[in-house]
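Quick heads-up: structures coming right below.
Note that subunit A is present in both complexes that follow, paired respectively with subunit B and with subunit C.
And now, the complex of A and B:
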């Protein structure tokens, strides 16, 4: 019986067109992901090549003055790109994956990266997560909106109802056929993604897969619930499309507006200006004040005075340092607000499965706001490490030639923030159980009547 | 096998009570072919829908095999086969596939030859067995519907204008099938507008008007002309 039900389903022209459309969109999304990863790899390779070449050339040009050389040298730090980000690009193409910083004041350098795709910011990416979150539900709706109602409208239901020994099981099988078809398509796409994007079949991928499957199941739960209301096909379609529009477009937009209004983020430019003001005004200040504050920050260097007059690189970098110190309040406020936004998004998203899924996929792909904030944190530590390495050399006026400049590789930040299984899967599971369970109970009461 | 006891169905749209069936009492025994005659809206289809469990009675009982349909919906449906006025099937499946599908739903698993035998018995040409139902005429679909009912080997048949759309030859063949099933002990309740068919195959005839069974007759005592005259007087 089930084979004939499958045959009846797949022989429908609309089903084949829908599946083909989703397959093509899915394949296109994989190619978009592939291109994105290629661009990332190229950017990292370029950064490595540039750093090596620039260090060699600059060390030759400024071979007599370490302070001057360090003024120019940019040390690159890569935010490691997970192959999973090819499936869920998130904010990765808005935020630079390579930060190159000198040991001068940091805050202004954090935000001076160019955006690579201003157009895509408007349209979003056609990545796999877009296909999953926006397009899969549409096909689920197209396949299920009329699962009982159309049979009632066309008249087959009367015979089905009399013939079937277990009408609920029959309805379940109709849903199951559609579910397995779409899950099959989902698995094909993810299976193709593994070699194409170089994804390791590890726990993160497993969780990514499980989240995707649960998201599809969530929409089937919605469909079961709507079918259980026993309305006409047109009503079911309008109801399901309304839910889709609400969950995929309207609610995320409302949440975004709420969060940006509730947690206004000061512009990064304000931090940069504070840092620059803090640094520039030091040129006109008594350098003793500058150095006193610098020594308070780094007591280990307090026995290394700078001359009362004339230029000194230690004094110069101390002024830069104070630029960062004086913009710390703005920088902390910016970070705190971003963290508040991130926390608020997560809390609200637990009640909006579409938003939750998007955030979790980005987390697993290390392409969300959380990853960017951790990368910026690491950039600060990386910058500090470089300062602490070079300050003693500046104090001692170490010769440029004493340093092995090739020994400074481009460093990589690997985001190891844990992703909890329960936090990822539980909200979706609860929604699925609630919707499907409630729908099933409803159906068991009403399915036998016309 | 089939019994209606004070069976009543009322609809209440907009707080108005519209009686569709009013205290119907009837009994269809094994071997009976009980034909319900009446104009549109007389309550024939409502009666069948109540026996099928598609509607819940406002009061009274519909019994199938001694079981109340309301309380034993699944069990009573197992005893029934049903042929509606317009048989709607899955257009993407062939006649044979539709028959296999609906038989499997009822728990019957036949070989292809057996299924073809049911279709042939129902009068469907062999060349049409493997064509998709989307290309069938109404009469051809009706024949597949008959085959579905036959394949269920049900002891009770509920037929709602079953010969609608059948050509005269097929309608005659259908009458033969009904007689055979009746001889085998099936209880058959048929709603129809066709007085002559009812006279031809029916063992009992009930005439309904405005939800009431206003006349019950046994056919051996009647000629077709007499039945027509009674019907026209009654409705």
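And now, the complex of A and C:
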């Protein structure tokens, strides 16, 4: 009988069209991911090429003045793109993966927006996470909404009930056929992604895979539960689509709007203004004051005075430094606010599987806000390192030629923040167990109701 | 009122049966709740953001004016900020707002990025969309209409009442028009209150003074959405008319909705950005720098362009060193450098915009296949939350930046001595009263005329869909069968 059920499922035209549609969308999403990764690579290669070319050229033009040269030189830093981000592009198309900073005040440079076409972002990426989160559930709904109800409506359910030894098991098998088909498609897509995107089969990928599988299982849980309510096919379809609409369109949009209105970031604007003022007003202030505060920040340089009048590069960079120091409060508030946003999103997402899955896939692909914040932190450390490397050279009037300008390669930041298994999988597992368990208990009670 | 009598009767029947269905009432209430939330957040965001931006704009201006006597070039680097104001209709349709930056630092020699977009600070949830009245009208109401209309004719076919209706002398055309009118009436009971709420929001966003331009924008929006939703009603009835059963009609309508609103927009944009690669930020600025250096490097004392300029000055004034010039030489050089770099930047920026435009052409042309894209683009444009408005802001800000830098260069040329002051001399500064010479930055929004000119395709698509539906009603009226 189960063999017949398989044949019946596979032979229906709608199923084949649906699977083909999902396969095509999935393949397209892999190509989109592939292209995304290529563009990231190009951006990094561009940055490397530019740094090499520009350092050489600038060092030749400003060969007599290290301070002036450093005014221009932009040191690039790359946020490493994980191949997994080809599957879940997340925020990586908004936030630049390459930062280029001079050793002047950082706050005015740190949040520089990337060059992007906002229409691409508005309409959204057709990446694997979209196919998984939006389209897989639709096929699950289409394949399962009438599993029992259609037979009841056409009058064949009684025959099935009489002929089957274990009706509940039979219903389970009907779901299983569909589940295995869709999981098979999911695995094919991810298996193709491994060589195409150059994904390493590591723990992150394992967790990515597990999350995807659990997400599909979640939707099967939903459809088992809906089937267990023993309604007509059309009611089932409406109910399932309503849940889909709620979980994929309406609730996420409401939550997003809530987060942005609940946690606005005026600190961003305050930081830039404070930074500009903090630096520029030092030109009109007594330079001993500036230097006292600079030496308080860096006691190691306090035995290196600057001349009372005339221009001095150390004084110049001390003024720049104070621009950062004086906007530090606002910058810290900005960071705290963004961390709050991130934490609030996560907490709410635990109760909305679609959001949870998207955020976790982004986390695993290192393409979420968390990764961006860590990259910004690393940018600050990178910037500090460059400052501390060059300040002594400015003090000692080191000649430009003493530095090997080819020896400043573009640095790469690798995000190694751990992603906990429990936090990723537990919310989905709980939903699945709850829905499927509840549905199954319901079904076992009502399955013989003919 | 004899005209359209049967049509009106049919329409009334649609209205009554729909209201008998409790699910319809609940769905209507649900939409109402979403509307309330959309209105509240739209208003709160608008007030908060514009409040902040106005405050910081004033603060930046205050900081600028409060500078003491300074060297004008220091002031050119002090620079100014342009905060992009949110348009009043952003409360109705947030459009691209969240993906566009709000803050632009304007300084000499350098075209900065417009920073701090909501998207940059987003956790990734933003990609699911944002609640706004436009979202309700573009996505949720059509779905509700499809839900109300899927059975309009197909159910009658299934139950056999269709034969009876047709045998009583009602023509197919009367039936389709009547059913459509009934659906449109249902739609209007939600649409009109939503637009009234939108009108209130829109009025509060303008602080009393309503410009003719804004009235045209709002009127066109109301008209466009009315048309779009009416088309959805007619579409639902037509699909129902050609479907053998109500279930089939429902599946078809939901399939269409999914394709139109979820799949096709992404697919068309993915195609556009796959075919036309935009340069990375580093490469973009690298090319500009290359071009600028080709014209001349003002920082390089041996640069041929600037040496020629210097030689010609020396020849004209018959002097042997620039220190003898009657005006400030380095100010003159910087003005020349600013002119060259700004011209080249604008040229490259136009090229970049052309690439973006090519990337977007598929989703724009998609309006002929997908009425959702037509209304989405038109609505954003009329609300002032589209890319064209953003680019316009960027251009006005860049013009302001250029003028600011050149004003400072001019002041330097006129008022700063060519000789570097010694330690005993008065420092090379000018009086702070000159800071008032630079007017405050004020953004003037685009007029509706040029906005509509950018939306020709969307407007044509509307026309196309209107004609296509009329044609389909005529054609199907002749070919449809009762069973």
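Operating definition for what follows: the second predicted complex is superposed on the first by the 447 of 450 C-alpha atoms of A that agree within 3 Å, B and C clash if a C-alpha of one lies under 4 Å from a C-alpha of the other, contacts with A are read in each partner's own complex, and residues count from 1 in each chain.
Following the convention adopted for this analysis, contacts are C-beta pairs under 8 Å (C-beta built on N, C-alpha and C of every residue); 3 or more make two chains touch, one makes a residue touch a chain.
It should be emphasised that the depicted structure is a prediction, and the values quoted were computed from it without experimental measurement.
Steric overlap between subunit B and subunit C is absent once the structures are superposed on subunit A; the two fit side by side.
Using the contact criterion defined above for the overlaid structures, shared-chain residue A:260 touches subunit C, although it does not reach subunit B.
With both complexes superposed, C is the one of subunit B and subunit C in contact with more subunit A residues. Once chain A of one complex is fitted onto chain A of the other, the partner contacts of A:8 are limited to subunit B, with no touch recorded for subunit C. By the touch criterion stated above, A:395 is placed in contact with neither subunit B nor subunit C. Here's the short version: in the overlay, subunit B gets within 17 Å of subunit C at its closest Cα pair.
Across the interface of their complex, subunit A is touched by residues 49, 52-56, 73-74, 77-78, 80-82, 84, 86-90, 92-93, 97, 100-107, 145, 148, 152 of subunit B. If you check the complex, the residues on subunit A that touch subunit C are 25, 28, 31-32, 35, 39, 42-43, 46-47, 50, 53-54, 61-62, 76, 90-91, 94-96, 98, 100, 108, 111-126, 130, 134-135, 138, 233-234, 237-238, 241, 245, 248-250, 252-261, 264-266, 268-270, 272-273, 276-277, 280, 283-284, 309-310, 338, 341-342, 345-346, 349, 354-355, 358-359, 362, 367-369, 372. Of all the residues in subunit A, the ones that touch subunit B in their complex are 1, 4-5, 7-8, 11-12, 154-156, 158-166, 170, 448-450. Within the complex formed with subunit A, the residues of subunit C that make contact are 23, 34, 37, 41, 44-45, 48-49, 52-53, 56, 59-60, 63, 67-68, 70, 74, 77-79, 81, 83, 95-96, 98-103, 105, 112-131, 135, 139-140, 143, 147, 246-247, 250-251, 254, 258, 262-263, 265-270, 273-274, 277-284, 286, 289, 297, 299-300, 352, 355-356, 359-360, 363, 387, 390, 423.
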